[in-house]
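After this come two complexes, each holding subunit A, first together with subunit B and then together with subunit C.
Showing the complex of A and B:
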């Protein structure tokens, strides 16, 4: 099983994406997700296999390479696992069609090891079969691409149900395109005010563009410094955050500065909504929050040219993300509906196969 | 017009303030009706009109006379001088383009403060003019240093004061000071500590007996102010520092937010006097970057003071001799500098104590301090980190307030938009100068627009403007620099927030350490003494 190696032609396919991820040239969660989808589609059409499990191994290898290219990005792993789930689903349906032997019930497979079951059902496909299989899987990935491309539409439709007239909202994630679209869509039916935090130092320019876009769409927008959150929280009706990854326990990763905003909201009993496309849900558990956080350029916090400071300060940190525990979020709005954080694990099970939680 | 704007009373430039005294008698007649008086007149007139409308049918001849009189007065006022008109033009039309978020529309903006200020700079002392400028440009910031500088300025004012004929010092000086304070308020509203000190000073003035000579009285007041500074600020800080230093132990981690005079002294004291080694996390925020000020002051503190003592200590000469010339931040004090957005679980993990500065302690136990303080107090409270405040009793206020929205200080919005990537406190010009520059620019623009009727030229100009805008963004200027022209966009920049008492474990004052609920007790004691 582990003997499968990645052929050079597949490596040449992966390389540009890997270097793009490493250099942070591919930015934006949606863009990355789509890039990975297209890459995997190419890999599947280029790869040669005799057995569907060989294909799974190839994809897993590719997934590992992509993960190491940008270890803090959860989405790459998510997409790879989604594709693996598509393949496994296909194998399952094929088996149930071809083999007359009844599928083993989950109670029994509980005790057998993973490799045993896979050996049992392993059989080589004929050429025609494999080309059919390939087209079915690629069709599955196309659906996935559609889902990711139209993710905002599913989320937007819920906006009217969640915002009432003359409400004051606060968003600490001005980088999120999903939040922007959500608010713009809601404006069509409701009149409301949005407070936007500055997100200094990493996203302050994005924040300024964000408020400009909101104001251009006739939404009452107020830009506030990050410090002012506590002062205004008593007047805020709802907090809306965007997220870059959602974990199976219901926690999520978002911009730096969001953690204290949601904590503040919790202290004031203000509801917090997290917007996340289905593709951001990850089957992983955040065992150590610190491992998940990316740390950025500390020159953005303290100038390097100020040698007096550089000599006298032991440490300057500039985290780019925050881990937000599930108890600080009231509801996740995804493109398949709204869910409580405690229910996220079920949605994860629907979309991923547990065998793939570990890619290596 | 330009002359009026620069040399007019709206320009609080100290150098220019001095000759005003000589010029004052010349314009004496013109000053007879200041802007404030004009405004008051207008108000009266309106009120009279309303009254007239109410009594639509029967207007008493008396009222009619009054109205007529007021109208005549007003006419006289408007035609009195051209200078007056020009001065009026330099004032800002508040309603025009300055919008405040509806939540905070009850707060006074910088423009309103300056518009409502009477044009009294000819009777404002140069020391006050200089101080006002320093306040408004954030050169002097922080409750304690603002108080100290104000009292120092008052000493100069009192020393230079001369009682006019037919009045007594006791009666007239209070009014004279009020004018100075009124002018000082145009920079920023008075802090709680300043308010307390002013109340105390006025009381002292009223207690002066009529029998002593003017010089004696002035000397008495100056020495009283000196005593006040020593007692209420310097010695109080010393007591607070000694008390608070118990909490700082070797190798502990302390977190602080922004800059507080007493905390800065505390950290220096712990290192220099008690030779403690500890970690200090400085949390900072935009737009004032006061944490950077603390950082600079600590980095500029060297060990040199106790070099003499060390030389006698033979054993440690070799090890400490090197250290003695180095700043404390390189040996004993390990500084971790972060912005407020970065404080999350990771940074708070091994914090032992949080020390917060205070602008005021309110009577209901709430801490009124630089915006962001409440956020940090909350984060630490939920993580079971003790939150301590160091606050002199002069900062205690008998006001009660429940949230940060009702009373607050509105700062200038442009502070948030200038050089957004510079990481430095805003470099501000005086208000009158800013106003003048703006006016000149507008004039230029309108002139150039009038000249350029050619379409091609306009197009070219547009392209140029776009290119300039793009360059500006690259230079660190904000895309919403002209936010006043975007109808739905508002920017909020407030100075303070309110920390609930349950987040604060202990308030350290010179009268002892106490829980926030005991603030009213101190207030009572303090008022009695």
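Showing the complex of A and C:
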């Protein structure tokens, strides 16, 4: 596998994206996802291969580079794996045209003789074939781009079914564009109140803008301090959260502070809805929640100017994310429908190939 | 009929395989002995083959006590035989293919154990041992292990001995002390005799109570197992396991225990809600994903 190296042309293609990710110049989950899609499209058009498995190795290498550029971003890996799944699907359909070996499932594959390795050797594509292959894969990535670009539309359509008239909603993720669009869409048919947490200290400004935007759309909006969540929870009908990554076990990564909101919701048996586009689903398993979390500027929690105080404090941290365990979420609203957390593994299996879970 | 064909005894072969390689698990040994049986007996028609496999599986299942994981392996092989006989038009190639694939399966199943992906440990399990060993020797992770002694078999001591030989700091506790130590444990790992359709596990007795304690203490409870241990059972309670398995347990107890007041069982059933995830050769699965894998094998 390590025999394939990345040619300089491809390296020059990925460099700007890598530095953009490293410097946090490309921000926003959707923007990153689209940037990766476009990059992979360029890589596939520039790459040369005689055997489709070479292409897979190139994409995997690119994926590893992108992952190390921003290790805490799960989405980069998701997109790379989605593209790999597109390529593998294409190889599969090509092979099934050639020979009619029966499809074996994973547990059963222990018993079948046709392993991937034998396929790899026998299958070298002609020039004509590989250019056809290239165009099919690029077409697949185009579809993926469409899916990501229109992700909110799919999620919005469910909003009217989920929100009742005169309901009180709580959202602790004012940074989520998806949540904003979801609420605005629901307003077209329903009249409801939204409580928005202040999200101190990282997203205060975003929260204010969020509230303003909701108010502009004639939604009754109340900004509440983070500490009052438990007090208001008894009156809340639903908690709606955005997420930045969803894992195979049904847990997700969301803004810091969300973990305690969902804990309060659990105590009051308030349903928690998590909104997530399909591209946020990851085939990875979160063994250690702390490893997945990004830590930000601790000066926002305790100002460095306050040096007398700073001297006496042992540790100040400012986590930017929270890991939400699956048992605290009631349903995931995705652009392909609503799913229970325990069903997420199935959606993951539909969209990814298990061979690609490890990119290295 | 030669002498060799006459004298073939499936149970003896099975036990011999287990004896020769202490790393071999029961389902793999079962499949290996079934493959050997096919090679020795050389059935000439497919119905003869199916009959032969069936009768040998029955002999194996009845003669070996505590046969859950054994029957998982047998069923998987039977399913494979039934599915592939009608796939090949010419009988000779089918037979050859079966023997070859069976051998390949044994190799891959052995390798699959190596592949499984990071501690309180209950009883002894080869997979858990290999996983810990791998974490220690290849990834150079530093960790401590607490092993329960797991009465009545006391296999925990065996596990502890092996881990100590591998330079892993290890401590054995009595089964009653799990609640006492659980607050300082980060993860709990157990193996499995069999994984039921619901995603619950059938394992050495004591797993269920550790699962309950893990849940109340918010500790992740991982099951490390091979996918060929998935069985088509749906037990609702620990005493809901099939009769032949339960009976055999009673029998083996009475042999060991001469104190007639003490009544012990060897295996229990841990329902899926206590299991955080199953670490298998197919990747990390949630309990709900087990039925999916079983459906793939049996119903498509």
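Here is the rule we use: the second predicted complex is superposed on the first by the 339 of 360 C-alpha atoms of A that agree within 3 Å, B and C clash if a C-alpha of one lies under 4 Å from a C-alpha of the other, contacts with A are read in each partner's own complex, and residues count from 1 in each chain.
The rule is short, and it goes like this: contacts are C-beta pairs under 8 Å (C-beta built on N, C-alpha and C of every residue); 3 or more make two chains touch, one makes a residue touch a chain.
Here the structure is a predicted model, which is why all the values come from computation and not from measurement.
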_Which partner chains sit in contact with A:319 here, subunit B, subunit C, both or neither? Use first/second/both/neither._
first
_If touched residues of subunit A are counted for subunit B and for subunit C, the larger one_ = B
*Which partner does A:249 reach: the first (subunit B), the second (subunit C), both, or neither?*
second
*Go through the superposed model and pick first if A:287 touches only subunit B, second if only subunit C, both, or neither.*
second
*Which of subunit B and subunit C A:342 touches, first, second, both or neither*: second
*With the two structures laid over each other on chain A, which partner does A:357 touch: subunit B (first), subunit C (second), both, or neither?*
second
*Go through the superposed model and pick first if A:220 touches only subunit B, second if only subunit C, both, or neither.*
first
_I'd like to know which partner A:304 touches here: subunit B for first, subunit C for second, both or neither._
neither
*asked:* For a test of understanding, state which residues of subunit C touch subunit A in their complex under the given definition.
replied: 76, 80, 87, 97, 100-102, 104-105, 108-109, 112, 118, 220, 227-228, 230, 276-277, 282-286, 288-289, 292-294, 296-297, 300
*Touching subunit B in the complex: which residues of subunit A?*
168, 193, 195, 198-201, 204-205, 208-209, 211-212, 214-216, 218-232, 234-235, 256-257, 259-260, 263-264, 267, 289-290, 293, 300-303, 308-309, 311-319, 322-323
*asked:* List the residues on subunit A that touch subunit C in their complex, please.
replied: 102, 105-108, 110-113, 248-250, 285, 287, 342-343, 345-346, 349, 354, 357
*asked:* For the complex, give me every residue of subunit B touching subunit A.
replied: 101-103, 279, 285-287, 292, 295-296, 298-299, 327, 329-330, 334-347, 370-372, 374-375, 378-379, 382, 403-405, 408, 416, 420-421, 423, 473, 478-480, 486-494, 496-498
